[in-house]
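Multiple structures are listed underneath, in structure tokens.
Across the two complexes that follow, chain A remains constant while its partner is chain B and subsequently chain C.
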Partner chain A sequence: MKTLKGAGAAQPLLYDCGFAREIYALEGGAQLKRCMQCGVCAVSCPSRQEMDYTPRRLFSLIRAGRKEEVLDANTIWVCTSCCTCRVRCPRGIDILGLMHELQFYYLRSWFKVHSRASFQQAFWQELRERGRIGEAGVMLRCWLKEGGLTGAVLKSLEMKGTGLRLLRRGRLRLIPPKIEGLTGLNKIIDKALAQQGYAE
Partner chain B sequence: MRYSFYPGCSMEGTAVAYCKSLVAAAWALGLYLEVIPDWNCCGATVAPGLAGSYTSRVLAARNLALAASRGLDVLVGCSACYLALSGANRRFQEDALFRIRAKEALAEGGLRYDGNLRVRQVLEVIAHDVGLDKVRERVRQPLTGLYVAGYVGCQTVRAVPWSFDDPEKPQFLEKLIEALGAVAVPFPAKVHCCGGSRAAAAPGEALGYVKNILEAAESAGAALVITPCPMCQFNLEVNQLRINQTCGGSFNLPVLFFTQLICVAFGLAPAAGLKHCLVPPYRALSRFRP
Partner chain C sequence: MAAKIGVYLCSGCGIGEVLDPAGLLQVAEDDRRVALVRESDFFCGQDAGLIQGDVTDRVVDAVVLAACSPRFYVKVFDYGPGLPVVRVNLREQVAWCHESGSEDTQMLAEDALRMALARAGGSAVPEPFRLENPSRAILVVGGGLAGLTAALEAARAAYRVILVERENSLGGWLRNVYRCAPLRPPYAESAENPFHLLSREVESHPGIVVYRGASIERTAGGPGQFDVTVRQGERLLKERVGSIIVATGAGAYDPAKLTRLKNLAYGTSPNIIVSSKFEELALRGGGRVARPSDGREVRRAAFIQCAGSRDPEHLPYCSAACCVETLKQAQYLLEPDPDCTVFIYYRDLRANGQYEHFYKKVQEEGAVFIQGEVVHVADRGGSLSVEADDLSLGCRSRVEGLDLVVLATGMIPDVAGGGPEQGALKLDYRQGPELPALKYGFPDSHFICFPYETRRTGIYAAGSVREPMDLVTTLEDAAGAALKAIQCVEMTARGQAVHPRALDVSYPEFNMSRCTQCKRCTEECPFGAINEDAGSNPLPQITRCRRCGTCLGACPERIVSFKDYSVALISSMIKAIEVPDGDEEKLRVLVFACENDAYPALDLAGAAGLKYNAWVRIIPLRCLGSLNPVWIADAMSRGIDGVLLMGCRQGEDYQCHFINGSELARTRIMNVSETLDRMGLEAGRIKMVEVEIIDYTKIPAILDGFADELAALGPNPLKGF
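Up next is the complex of A and B:
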């Protein structure tokens, strides 16, 4: 019998009835109710072989309230956002959007960190501080998050060849971009987060 | 015809050749582009996972608000930007509750947007506003005998399904290749995923995707691959070199943006930005350059 993480070993839990409701309340989350378990998303997914659960199984687990299994699964993190499932879904569910919302749910209200989320966090940091994304900046931030200073130096050395090649071909900016209206952008983002009841 | 142009972050960096060749090709086809002033990152498919779809759509809408006063259609080249901007725009037009809340958030930054614009992909504009006949007329240097694989990728045709092409079996890029005088090789892997931003986050995991696509293009006899997506171009080119180094592959397939090929066929080779290619396309294109 599995226990819910953080709930203490004394309380064995098979179902978390509130979990599905929490997911339905996410942006676009109510669409999940429309899923008829046909499995088209599962056979369409280019990453299906690496997934612990296909999207179809994940949705079934959400409905069953199996919070731990859903959040432990790598499914939402190996999604490549290719949109194939979204285009093919006979019920018109924005599966890609749900994957993103589940990542958001995970990072906001559950563990806050995930080994696969460092790229996203680096991306977001760059967006908040500069308004635009510089490839070199994001990768450096990502490596710093993953392995600290030593890790970043080692990774930079490992990727040196690619970096230099891009630099030589004029495809890598050394001066990172920055927008003028950054304060305004951050105000908009803060407001949007606050409207949903989140703050950074 | 005039358009507001949203370049997107990659067009300032790794896809700088896309920006150059797109502007030149558009100009040659009579499309005049005005860059949206002080545009910001659209959030792509990365920000929604970290800040939620709602916030991500609102920050993408800041660009639409900046372009709103001009009232021109917003032209987008990058497919991830197209997905983010068209998604935000659709919510603005269709979801009244979203509109009210998002307007409130935008007002915080002193901006206003009512959903009055259209977001359009470059290929869609070529299909609907320009037409392949006009492309054919403008060709100065027909690419006769050049075998090209048209790699469409995922989001370009799937962000807004059926906006200009079949999301499962897209044909338009191949028709465009033929219009330039080249031969479009049969290429079933044209909509297979390249691994997207996973290739950046975990390079090792994404090599398989790229290898399959490159093998399909090679066995179809293509001399080069063209694509409308910066992420696809980057993955196919950079991981090609990595596969050659680590897995003993021997790929030597130049991967260009479709606009670069248009520039070569239009006799605008200097504007095509061929010098930015990591896999040099000069041998494949040697017959067509002045």
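Up next is the complex of A and C:
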């Protein structure tokens, strides 16, 4: 878990409600106002160990207006959409939906090349090009995004052992076949995105 | 005194399998007061008519029923006020918790029957104490929300109500309030201040007499006959009422004391105000709140909760209503202008009960809630800032550019807070003019089990005078207290006791010719029911009495007795116990168990099938406070090996229905240990334990442990004398 930038320092964090207002304006974002910081989401989250901030802390940072901390944190990308937090939230906040909204918000307004979103983008690229997910493809794309060619080569060498074992057991195909009707699938995805207002 | 006792031996529910009926039959036949004996295994069902028949035919004038605990089938075995029914608890306290067919179990059952026969033979039928002309009017002191509601509730039930308000207009605290927190479901919208409507209704109600600008000069008498002197200006008015509702409310914590809380900077800026001041600003501005320093509209504000509350240096308790009040005040700012920014600093947001919905609503309206301790508030040229140890962020945080900081202060009861209401009733009681306080100056007697009850019978506290409370709770409280007051006047008129021995018609009688004016009864009565005359003689006020018998236990001369509960009666029960010789190695342990908690715990132990020794002989007492030390001396001189007192928890979170029964009993056994010394007996033969009803699993350990201690001491040397 990450400690807050400036925490414990002489300068206290200054509340700035501008960022929170931006988030409240997102679809379903106003629900966040209802958060009473009980922390049930944080203790329910199976990925909390991997997160820079638990959902509860993320929401308190949003409220305090710490845009940078919120968007640079891995929290929204580590979320596995398991829905436990949403089921347990005593205020009935759709935390899962909010995580997705924050992902889109990130892609729209905080996107950087070596970004937190590289895995998510690699995943979608693979899906759109092949119609299915191949581990080798997704990882390669992700490493390329994160570290460029050199980075990808180094990372591939590092993961060589795992890759070879998977290959030997027939668990990994280097170039998996594309599905039939890939164009149709892409049309479906485009339409869904357009309906949600996220046309690419 | 009963001369024709009918003994009914039940063998149902497993009693017949454990006990030999012939032995019990013999005990009954040996008593010459017994007119007839009947046996059955189903007196509570198909054979219920047998007892009823004997009673109707006047064959018996008292019933001794050897069956289940007196806590069961009370209605089935009730034959009207003139016929005493004594229950022998053979089921829960013999058959279900002792070995079947054993000699000791049989002896226990036979002793229990003998004790019951002694009790039935020695009891007289109580005659209710009736006042000649009992008043059914109800006096309400205080015309705030609680007082107005209680007055209306009582008046709507057709009782004459007299309302006394010290101010010249009704409404109390609400007169200075702009709007109210939600008063009805779904508890999400703030409500219009109801005091105009309420006071108009009260003033126009034909059954309510209102004295404004009035105070109480003196309250004498007791329930059904309170003589109240009301002073209104120069006029003195006499009123006779049956019961009293005290609804004098609470005052706000003195803001001047907040200046000692340096971090809140109260007093350093005109824009740092307390919540009542904020309410005043809103009321004056018709909802628009202007900054006190320059009259500008407030755009950014912070509310700080628990200012001087939950703080050992100030108010150690939570005032229950301030959080909800702050939510409402935040709405004053947010509703007309959603772009307004409101920060609420809190420790724990306590929106009790349904007010959680209101909390959610205000959150949705955009208030920012910050949990943590405020480190300091500062004013820099008219712009305020608040710094806090922010719990949700996990670090120190700061808010700047505030127009206004509002400190939510708690409430103090007017009755004891040193306010003008001190001793609002000016009671003419030997124990003082005020209502005794339970904690923090709030008058109450037992807030868990009996809300509204004060320690003065017939005087009920309602609203925030009793404990800090919000508006919805106050409305409920006022209605509850009104019902209590109605109950009180009705039951007093019938000569019955009020809570907790509701409907009991017995009452203490004092044989004054033997009184030595020692004042113990007048001092110890937990309800101040006994006054004193000029010659220090006790003047019992029966309608104030709750029938606990504390006076009976206190009196060294044994002059106090109830018709069906007296020193002599319990002594005769003790004497009915057959004590075997010392060489038989059969211990005898007398247990005095409080009827309210310990006795049910013993029953529960039986119901749970827990086993304990069969040496114990249990006598239920109305309250352990009614324990007269003479009984211990009686038991000891009879050769009983030890006496165990089972009372309720004492101390700050006491459970005694009569306030301090266990404490009184403890003092009395300390005094009695000297007597024991003189008799050459060990102090360890008397022991006191505190038992709650849920402690029933500990019963075997308590009883067997004490029996072991007594066995170690050896038999009572007075056996056989």
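Operating definition for what follows: the second predicted complex is superposed on the first by the 118 of 200 C-alpha atoms of A that agree within 3 Å, B and C clash if a C-alpha of one lies under 4 Å from a C-alpha of the other, contacts with A are read in each partner's own complex, and residues count from 1 in each chain.
Quick note on the criterion: contacts are C-beta pairs under 8 Å (C-beta built on N, C-alpha and C of every residue); 3 or more make two chains touch, one makes a residue touch a chain.
Treat the numbers as computed from the prediction; the structure is a model and nothing was measured.
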Regarding the shared-chain residue A:173, is it in contact with chain B (first), chain C (second), both, or neither? first
Let me test your reading of the model: by the given contact rule, A:195 touches which partner, first (chain B), second (chain C), both or neither? first
I'd like to know which partner A:117 touches here: chain B for first, chain C for second, both or neither. first
By residue count, which of the two partners contacts chain A more extensively, chain B or chain C? B
For A:80, decide between first (touching chain B), second (touching chain C), both and neither. first
Please work out whether A:69 is in contact with chain B alone, chain C alone, both, or neither, and reply first, second, both or neither. neither
Can you list the residues of chain A that meet both chain B and chain C? none
In the complex formed with chain C, which residues of chain A make contact? 3-4, 6-8, 12-15, 17, 20, 30, 33-37, 56-57, 60-61, 63-64, 91
Chain A-touching residues of chain C, taken from the complex the two chains share: 341, 343, 349, 359-360, 363-364, 366, 368-371, 387, 390-400
Which residues of chain B touch chain A in their complex? 9-10, 12-17, 38-41, 43-56, 58-59, 62, 80, 83, 101-102, 104-106, 108-111, 154-155, 158-159, 161, 167-168, 192-193, 195-198, 200-202, 205, 209, 238, 241-242, 245, 275-278
The chain A residues in contact with chain B across the complex are 26-28, 46-47, 50, 76, 78, 80-84, 86-87, 96-97, 99-101, 103-104, 107-108, 116-121, 123-124, 127, 131-136, 138-139, 142, 161-162, 165-166, 169-173, 177, 179-181, 184-185, 187-193, 195-196, 198
